[in-house]
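Dumping the structure here so I can ask a few things about it.
Chain nomenclature is as follows: A, B, C and D, assigned in order of appearance, with residue numbering initiated at 1 for each chain independently.
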């Protein structure tokens, strides 16, 4: 099995060569690692490589393919790139789908306000939706000018993480 | 659904009358309880009954039907009685199967010694098998005189909990 | 004598209060909203009653509902914790009217210290230094101009009823006075329904140092020394420590005496905190009084050896203070880190969710006050603080090392937390040397948000962990088991059974 | 200066030692057997090496393997913890020969104090009171009879190389002397390869009180006061506290001075413990010296404010002690409970297994030293102790209340533990009054093993929980999902989603 994984901007090829219990041989780009990798809890890995003991925390982020990976001293943003991601990346020339024209809730919360309507023209920087979670309000703004194509929440709604909230059709320039 | 449950010698009929989320109505013998019962962890229940908050720990014992139930101040030995148990109880007139003629490992461990052989006559109190766990050796003895019918482990074996180790056929008197 | 205490709060502080009650043999009553049936304070209490929907205003802020539960459960006292109704004079008064002991100050003290202009006047009368500025509220521009010229720019215009940065303006230039004044007044009016504002000299690079006080109903008051609270972001405390690395013993003693005078000036009883703003030369000025238990009270408990909640209950019972000022001393050093469910790399955006795994920091010198557990879902409705990590050591350097160690041990998955950010603070030179003020985070942000050096291996190990975790998820999906919870148990189990 | 420490141990003590190393900035090396890949000490260390099969004799007791890992990892010091190789003179000597610093005493001190007859002689020479008895080993019956008549019955016949109750006989009647003598000798021979035995007066209803000492390599030695360890079963300590409720300040000071004299008498360096047997009138006698860190060291750390592991490392580094005797005092009261995976109701039979859920006790005055975590399987090969719960409070009564509270908070499923039994001890009159000796558990067993009064509701609630848990399991079975782990998540989740 092989996966393409993006870590803080670097895209790496990760391939499993062999597995014997928790002893795995994995190739990361040109480097081959023989590593003792044990899952000790939900999202918690104990890894021993060349005698060194590493503790890794995997925290799922905005989608099942996004993780924050902590190893105490370092914190990485990681994305597993599947076919769909690759297509999206190629089409948007590096911009991910949610960066330009779609507001996706990064956390569960409650919709406080939606100051736009479907069909409305919006400027770059204009607030599309305000979400409250844990006593803090977050405003989500249009990254570029466009027309509000669809709104998938109503004021007062309780929303889950990773839900598409507002889609803006960018103006073609 | 209804279950017959033995608790520290008392046998109670427990019947679910209604369930609405974590609000359950349950009859225990003649008493009807409307109780807010929430499972908050594996084997951990938070129960609210008439405003009182109870914390219950369920610890599986020698079989999936045996539990130690802790509520901090009290610790109960509980057994769910199914058809098989009932048959066994009726046949042995109250003695449970493992009390007289069968040694069942109450915990995982390692077999240190088996000083008897199949076919051998044993006295009441004679050691049938010695199991070691956590730096402590436990001797299991015959409760009554009889003939060793079968031995299901060998010296040096690592054994799981709840495994039949030695069966003794009691002498008929 | 108090026989049963209703704790009108949730989260870690509700549990912390119930701990002391349990040690004193006093049964506790929890209240909970729809979002909190599975919360720890409900599990911890002897009794628990539902009080309404998740939004605080319909549950934890509902005086009527809380009083009703107190009556139903025969609780003869209420501890409000911090936040929610803790500094609500009407609630204190209502408790009194209903014959329920409010474990906190009387309504008059709350009102007197809650209005900033009144508080300033009270302090001036008591001889406590206040920030140079106006005594009465400012209504017109001419008056403001005259006062500000006397004080000297820059100044802060502040709402008398204020708090949380609302109705506050920093004025650096004379030409901005008029617009700032009207801006502050209208903001104060809309936020607090009161447009009274006053002017204070702006103290640059200040330290935020507060004194814990205890006062009984017999006129006795003591202080329990200071807490240094200058590590802040967005006016929120992040890390606190005691003793303050800034204060000399002389200034400490003087400030302590002023803190006691401040408490006596409003006939205070209960636990309270006198907040001072302090410049680099240890000139200090009364800022405000918090008429409740503070989040950061545990560092005082550890260094002074006093259980503040028990003292509050004893005071409410009408007992005299069990300590005299001369009995108390600071022994060793304590630091508290507040652990939030938030994403430091995304502007500290809240990160509610389900706790999948926790390894709690333990061992010598570590106190952990939390309320979340494995499998618990942090609700979106309340504060993102999930626990407080408090360490003690015989001196400050050792305390910092211990906090680093404790943060290292603290593993949590399911939500993002401020743990990596806090660990970086423990490594920042300005913090380690003790030379920092309220601008610390701003001034050190390059260091605090940078990654550690690590040989390329760390990054590759993170990639390998991602590979294993994700490929296991895919396998689960393929095998038709799409429960999200028990990821991994099977793999782990297969390893284990090989051992036994 | 020590640059890297190999910890030749497992379980809570390995983690505890690594905590102090981490605070000192010293990297650590773990060793682990086949049964311990998932153990916390492996996760905690900076490096980890496999050393063999699960049985200790092939792994944690293998001097060659441990030395080999030290060399491979460039560890320049080894901390042995307690148990395993900690009191093995050959290991201490081997470390020295290999140029590795053994963080503990030199081999000669271990040998001198390990042989009970030599230790007694050393103590007599140093003026430390010993239990009246023989100075040299007893070989024939005539000599034994003569000595025993001098001492007076009852007496104990003990193996000089002994420990753990082996080679030990209580003699009450003269006619039993001969058989007891030969029985003890043959048992000593087979257990320790040495049939040397000696005779001591039997002290009835004794207290077991020990003194912590620290000695550096420059001839300085101090004591850190006592630990009362009289709550025992089968010669195993269950609960320890400090200060001892028995000792007066005068006797404490005298015993402390004798403890220091004992350490100096064997040119000791490192941390050690002088065990005394004490009668109700505070007559005390040297019993033995433990030449290592004790399980119960945290109560001393808490009351005296010293990190004993750091002191051991400093001593190994050749530093002078950082404390003088007059710097030290006991402040407040500490109690430790040892939490075992065992079934108190079945004669304390071990209960290994997989930890399904833990809620750890937290908050003010609580220290918890553990190593298990949710999902961890306790191996069958090692000690059943899973953690140590240590509380501190300003006085003994409050410490007992706090321990009750902490035990109440400690929820654990998957294995049975001694928690309910320990909670009962905290409620026993003899314990609460501080009037107890080593017969405490035996004398109070009716109380300790009885159930609490509870209205019938408790029992019915237990039945309801059983009903819910079992019926949920049945449903899982029916729906074809027969994983044992994630019981309940689905039901719980369905509740939660209704809230959010």
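Note that contacts are C-beta pairs under 8 Å (C-beta built on N, C-alpha and C of every residue); 3 or more make two chains touch, one makes a residue touch a chain.
It should be emphasised that the depicted structure is a prediction, and the values quoted were computed from it without experimental measurement.
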Interface with more contacting C-beta pairs, comparing A-C to A-D:
A-C
Measuring from the mean C-alpha position of subunit A to the mean C-alpha position of subunit D, what distance in angstrom results?
49
Round to the nearest whole Å and give the separation of the Cα centres of subunit A and subunit C.
32
Separation of the C-alpha centres, subunit C versus subunit D, in whole Å, is 38
When you check subunit B against every other chain, which residues touch at least two of them?
22, 38, 40-41, 52, 55, 108, 158
By the touch definition above, subunit C meets two or more other chains at residues 37-38, 44, 357, 359, 373-375, 380, 408, 485-486, 492, 495, 500
Drawing the touching chains as a network, do you get a line, a ring, a star, a complete graph or other?
other
Please give all chain pairs that are in touch with each other.
A-C, A-D, B-C, B-D, C-D
Residue numbers of subunit D touching subunit C in their complex, please.
15-16, 19-20, 22-25, 34-35, 37-38, 44, 54, 298, 301, 305-307, 331-332, 354, 357, 359-360, 362-370, 373-375, 377, 379-380, 393-394, 398, 401-402, 404-405, 408-409, 481, 483, 485-486, 489-490, 492-493, 495-496, 499-500
Using the touch definition up top, name the residues of subunit B that touch subunit C in the complex.
22, 36, 38, 40-41, 46, 48, 51-53, 55, 108, 158, 160
So in the complex, which bits of subunit D are touching subunit A?
30, 37-38, 42-49, 72-73, 373-376, 500
Any idea which subunit C residues touch subunit A in the complex?
341, 343, 345-346, 349-353, 356-357, 359, 380-384, 408, 411-416, 419-420, 423, 451-452, 454, 457-473, 485-488, 491-492, 494-495, 498
For the complex, give me every residue of subunit A touching subunit C.
1, 3, 5, 7-8, 10, 12, 14, 16, 21-22, 24, 26, 28, 31, 33, 35, 37-45, 47, 49, 52, 54-61, 64-65, 67-78, 80, 106-110, 132-136, 138, 158, 161
